[in-house]
């Protein structure tokens, strides 16, 4: 998941990622916060980033992750209109599920903050994230525990690693060791999220899986049950 | 302790909890903050949640825990009026005690932030809890140390675990191991808080225990001793 | 170091502390923040707390620690006027030193945040200290490392432990083990701060020690060197 | 890197540092935040600190690190005008690179927050850095992991250690052990940043190294690509 602005500035990195067989997902233009935008703005940036992806990778994006997971009330409409096959911005389960509204649905392939390098490595006055930076041993302990549990129960493990955090020599080195550990443990499918979405669709088509479906948005207005208070109090 | 709004939305989860022999305590309607409400509002939400508990569990709630432990100046009045047999919102001791005011009293079965999964696992921009997420090994070290000390000295150990935090695969797995550890150590009474309240009442009835009694509220006004300053300075 | 208001409310705890041979230091009345008070207010609360100490311990306080280490511009004047023999509110060194102004001087017996249980165990929404609570193993690792270094180089180790933090069963248990460790290591003087102040005075009297002296306040006004900017820019 | 105001107050410490063969870099006058200053102010303080360095060390500063890494839009102009041979305020890489603008360029010898003692040891109400203080074992684990990775891949390791944090007995002791570890590991060049800058210049002169060059400032105005939105929306 690359912000399109980064792709425009670093075409050689994009090429290298594609040459290595990776998928490039839609991550907006410059890490916009979708939930503070109008529907028009969000759609504008979606389109603009999509065009960058098409022109640089030769195909439209299949997957989507919002900057800092800020899913808006309009996001799902856009994903459905655009035929995005999976979203990876929510954290509602340990396994894939579906998100739907009156227009249609898409898959949700969830991650988790424990698998994101941000809570482990980020220290920044500008972001007001003043947290004690972990050693790679402490961070990878969390990553590996999550992996071991996913392995034991047959689940999903999706990392969210930022180049300016996990790209440090010591941290990248630790990741390499962690991936070796996964390979050695065996019975693990290393896949792009697109391949996972393909697999989910096949499972559904053949009736082997019926995803849990989350209807969105949870509420458009303040929760209606809460509104009854004023009504009752007014009587 | 389930917010009643969650019970209404997830009746199957409620049924499963009851079928497994667990007690469901009163945790307000939708995690309201009692100490920022009027007495009327707090009482309204108390009643409304109580009705959900009665209709879904077949009996009124025996125990109570406030959302984020925010005990208000009116909470104890409500608990006494409603015949709630124990509160579990305060952290004033390692062992049960009683809280009382001029109207009556109830038991306090305290927990502690160290036994709450929040400080160990929570990372949220919306809650401004930007903390490095712990591994289950690090979190369970705290839980187990507290258990071992309660075991050694004959104390109380009350966990506060949230489904969206401790319900992750790796964390639930670690909890299972921790509970096995407790079983193996032996001489442990696994009980609902209701059973503990029953036991405390029996101990009191037979004169074997005289609880420490905290008179509430500590102060209705600014602490009177402090008020003397102005008086003295005025002379 | 007990706030005098706590002493008034818990006379049995005070008696028990004195019976065990401990010293009770001056810790203000109710954890006031001296550096946000006028000189008159600070002096008022000093006197009022001093009277409680005299009436409950039979002698005036010898030592002083400010609530949350908030030394004010007037604090040293008060300490000198009142004949306080040592302060324990500052963190300017690993070993005792002296603080002085034009009126006189007193000893500073410094502590450090690493030896305070606050950064290790405190989690509070009201104090905005949203930190992952440590296990006792992790907290005592810091305490013991500091002890081992003080032992190796012949330094000072002063704990700052709060009853509502370190008084939990597991933590008090861990402290007991840490103190045993210190005893077993040997060549350690376990002393009240008063005894340390006596010893410092004796070392000075016999010419064996010349304390480093910090002149206070560091600056009454904005640092004068910085003021030159405007002067130079104005020319 | 010493603030010049500190040098003026502690001339004996400056002499000791120089006698031991260390380099003293430019660290502004009193830890000013350059990115909140006008160009004139930043230059004023640069000059004033430079004069202190010349008078106390006998030569002008060769290197520069901004207080809390707050590089301003004017900083590079000043560094070029003053002939500063390297900056050490940025974190853009694991290895040295160059920063340039239309006037010229200088070397960047980057450090990293993981190598700064601040995220590991700092706890301060005044700075709002309420973080659980690490043990030296936990902090040095981060330092050593970074060192081991730099060693394995042939990289750079630059510590940022503050006397009031890393100068505590236990921490200084742990640093001594860490440096011994580095010595024992072998094939390590312990160098001042000035020596590294000399070496980089030699590598460039002999054509053995072509540094990556970062053009600064990244943007003078809001990122121009973002400005197109309004333009497009206006049509």
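Going in written order, the chains are labelled A, B, C and D, and every chain counts its residues from 1.
Quick note on the criterion: a contact is a pair of C-beta atoms (placed from the backbone, for glycine too) under 8 Å apart; a residue touches a chain by one contact, two chains touch by 3 or more.
As the structure is a computational prediction, the values presented were derived from the model and not from experiment.
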Copies chain A and chain B touch via same or different residues, half shared test: different
Relative orientation of copies chain C and chain D, as a Cα rotation angle in degrees, nearest 5: 90
Whole-Å separation of chain centres (CA-atom averages), chain A against chain B: 35
Between chain B and chain D, centroid-to-centroid distance (C-alpha), Å: 49
Residues of chain C engaged with two or more neighbouring chains: 130-132, 134, 138
Overall pattern in which the protein chains touch one another (line/ring/star/complete/other): ring
For the chain C and chain B complex, residues of the former touching the latter: 5, 8, 29-30, 40-41, 44, 121, 123, 125, 130-138, 168-170, 173-174
Touch list for chain A against partner chain B, complex: 68, 94, 112-114, 118-120, 128-132, 134, 138, 141-142, 145-146, 148-150, 152-153, 155, 223, 225-226, 229, 232-233
